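The following pair of complexes shares a single chain, chain A, combined with chain B in the former and chain C in the latter.
Take a look at the complex of A and B:
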């Protein structure tokens, strides 16, 4: 194993390790330091983190810029909200159906979008998301129209073995969101590290070449689109649970921009990056709004500084530093193929 | 029966006939060159054969199957591999991941999204073997984009080789290389052709190389096939000399 292979496998393992360490700290933190602020902002960070992570399956791993990712977030939110408000379907089944519904919507919309490249792809995702938004606004009997699904979502206590957990308790909800976020992160990690994930990165680098390797770049893009839609559906469903309803602004185009900012802040070459980006953006918003009503101005300035001075996301910046430090370490210069071919002759 | 049978193949871009009624047959085991001045239609012909560009007219039979209207990725699975004029690789991925991706795509192994690519020992061993063929195993963990131009061209060829092609189409495998590198690269390609038992059709502008290594030469001019035969016959073909090579080149 060469030096850099060892390093890479460390980095690879590191992401899961760091993720689990951070999750463990986050799980214990409210127990030793009960803070309303934490229990209030924590679930928002986690939910938006899953949302941003889902977008990154497309953005960072497959090279597709979606401007309409809110459609699947909203689909998850409304599916769960409607099921729990108007039917007798339980929480677990509602979560599963919310994910499935969002993935199915992504399959239908993605089928058309992946036919187009670059900016046309982006515009079409935006157009479809606005159609979904319009449907949500108009289908008042089902969605509550521009009022949203008001009246709250009844969440029955969940039985976990001998314990009965009331999810209305902020601590319980925080821990539930955290566990589902960890599960989503680990599943996404398995996916992107698989041979499927390898080909997604190949599509990102050079989609045409993938076709000449015998795989359908369009099919791979669609599969990434559907997976991203499913994870976004989970985030939306959790958000509906958190706020006790589903509202049209979940589907509005500005909601599609939020995960893009989070990915840009946190970094697009890891799964944890978008979660970090969500923590920064949601956390900062929550803190700054306590001090000034001009929070948009402050946040905007921070974003501009980020873009101008760091130029990459936080975790990408860290990984880059790590890598360049490793590259500076002495090693044998690699021998090129053409040079070797000449020697062989 | 010929491995590749091209019948009356045409491609028009508007009024421009890029490839005009081209017919030829590539025998299994051939090591042949496709030559012609810039704009003669060589790359377009490759694009037609691999299904990347829709055909205006004509048929393509490969290994007994009609592939006229098959998609590029279908054509690959039937056994036509291709390397490109400009190195066509995955720059942000490591060299090994590049070839591993080719192995995975060829085996359609990406349909198993739950097993780690790292654990695919057979696939990675296969990818490393292919890298050894082109002497790039020492660069396996480097990003492909950091390789020299010549090495990226070899990696491009390695991507095609990972697909176990029966027919390998090489579009100017030595483009942008020094004369010495060109000869070394071409010698490597010919060795691979022999060792792997492939059929190779390559486009090349260096006539010294073409007339030294090719068994058969086909000449394309203004989208038409103007000559076909062994080097000795091509070098004395009056039509070729007038149309393309010019007096005194040979």
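Take a look at the complex of A and C:
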């Protein structure tokens, strides 16, 4: 085993450990400290975190910058909302169908988008997402048009073995969102650490070489697109449950911008990074709006400072520091190979 | 789809002229904003999200300065936006030239948040409406039997004059040659002894001026509110893509194309109004990804 793979496997295990520790703390926190603020903002952070994490499968892992990710978020939200409001389909089945619907939409749109690269790819994803938006606001009988799916989403109590849980309770909903977030994180972790995940990173670094090795870069990009769409659908479905409806701004392009900024703030080289970014952005917005209606001014100033001084996502920055410290500790092989070791002498 | 309404419109001079002027003023205002965006992108490689906010500031400044005099307001507001652009470039943006594209987007997105709130602080949260300046409160100009408001004519004339001026600037002057060379190969231009930092600042100021001028011209005919830069920003991006990244001639074609699609498309396909321009963009990207003129920059 070479140094770099050893290091990578450490980082790999570390991310799961940190993720589970954070999740355990988050699960216990409202039991010790039952604050309405936490129960209100917590699910938003988790939902947007899953959304940003889904985008990062494309952005960070495959190097595809989508400006239209809201389409799949919205698809998940509307699918769940329509199923729960207008049919007898249960919660679990609705969630599954929401994910499937979003993934299917991503397959159709992605089929066209992955032909293009760089900013052209981004603009095409935006174009399709806005077309989806137009359909949503025009298909009034199905989607409620401009108004969205109003009237609330009926959520029946869920039976968990001997217990019956009323999801209308904020605490129960918080814990449900948290467990689904953890499940999504672990599934995504398995995916990005698989052979497929390695190939995605190879496509990001050099698509031509992947082609030379006999894999289809376009096919891999499409598969990343579909996977990201599916996870975004889960996030959208949870958001619909949280707000009790689905609204056109779930599909609007500003909703596509939010996860991009979360990924940039949190860091694009891990799965936890986007979750951290969501916590920072949603948390900051929630805190600032308590004090002033001019939250944009404060948040904007913070973002300006962030881009000018840090210029790298929080977790990426942290991981880099941690890695170089681990490498500097006695007994550990130096990072950066022979050249730097020689330099040190 | 409502082809009946479309046929009816095309057969009436009144409707054709009114949709035509609407297409031209939409297209030309959009051209002013989008050409600035395209120049800044082509030369500096910066996708400036805050470009729409500069348009908004142009509109607000002209609203405030109008009580002086319309001519003064127009010029001063556009120049004021250019100065704001200079400040943004010198203080912030020049630090992220080498940063990844997405961090430039994050920075300029932060400008949107800040500038929108600054607008709320100065001019309030609500829509303000400026009305047509006194100088243009006169009987409309008749084309055939169809009336065209005098101010619409003014927008069209200014738009065309600026387009021609910009073309002359880029093709006939030393500054224009340097700009085009810097868009092509900035390292080579720097090696030849040109101060590329100054050129970048100059281009950003020019781009800001154009966005500001777009806002100034639009102010009397659109409602002014914090966040009004959002929709024109997206449309400008579409123009830049349709016209080819970095191409001002392409931006002209793209902007007019969007103006026409919006004016006539909304008659023919009222149900799809919001989606038409995006369908146009998708069609262009899938068939001619380097823009309709095929002159867009490779990325």
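Note that the second predicted complex is superposed on the first by the 318 of 345 C-alpha atoms of A that agree within 3 Å, B and C clash if a C-alpha of one lies under 4 Å from a C-alpha of the other, contacts with A are read in each partner's own complex, and residues count from 1 in each chain.
Assume a contact is a pair of C-beta atoms (placed from the backbone, for glycine too) under 8 Å apart; a residue touches a chain by one contact, two chains touch by 3 or more.
Nothing here was measured: the structure is a model prediction, and the numbers come from that model.
J.: Would you sort A:257 into first (chain B), second (chain C), both or neither based on which partner it touches?
T.: second
J.: Does chain B (first) or chain C (second) touch A:96, or do both, or does neither?
T.: After superposing on A, A:96 lies clear of both chain B and chain C.
J.: Please give the residue numbers of chain A that touch chain C in the complex, ascending.
T.: Contacts found on chain A: 65, 112, 115-120, 123-124, 126-128, 130-131, 133-135, 137-138, 253-254, 257, 260-261, 264-265, 294-297, 299-301, 303-304, 306-308, 311.
J.: Per the contact definition, I'd like the list of chain C residues that touch chain A in the complex.
T.: Those in contact with chain A are residues 47, 92, 95-96, 99, 101-103, 105-107, 109-114, 116-118, 120-121, 230, 234, 237-238, 241, 245, 271-272, 274-275, 278-279, 281-282, 285-286, 289, 299.
J.: Can you check the complex and tell me which residues of chain B touch chain A?
T.: 50, 52, 71-73, 76-77, 81-82, 88-94, 97-98, 100-102, 104-106, 108-118, 120, 123, 134-136, 138-142, 147-148, 150-151, 153-155, 159-160, 162-163, 177, 180-181, 183-185, 187-188
J.: With touch defined as at the start, can you tell me which chain A residues reach chain B in the complex?
T.: For chain A paired with chain B, touching residues are 2, 4-5, 8-9, 12, 190-191, 193-199, 201-202, 204-206, 208-216, 220, 334-338, 340-342, 344-345.
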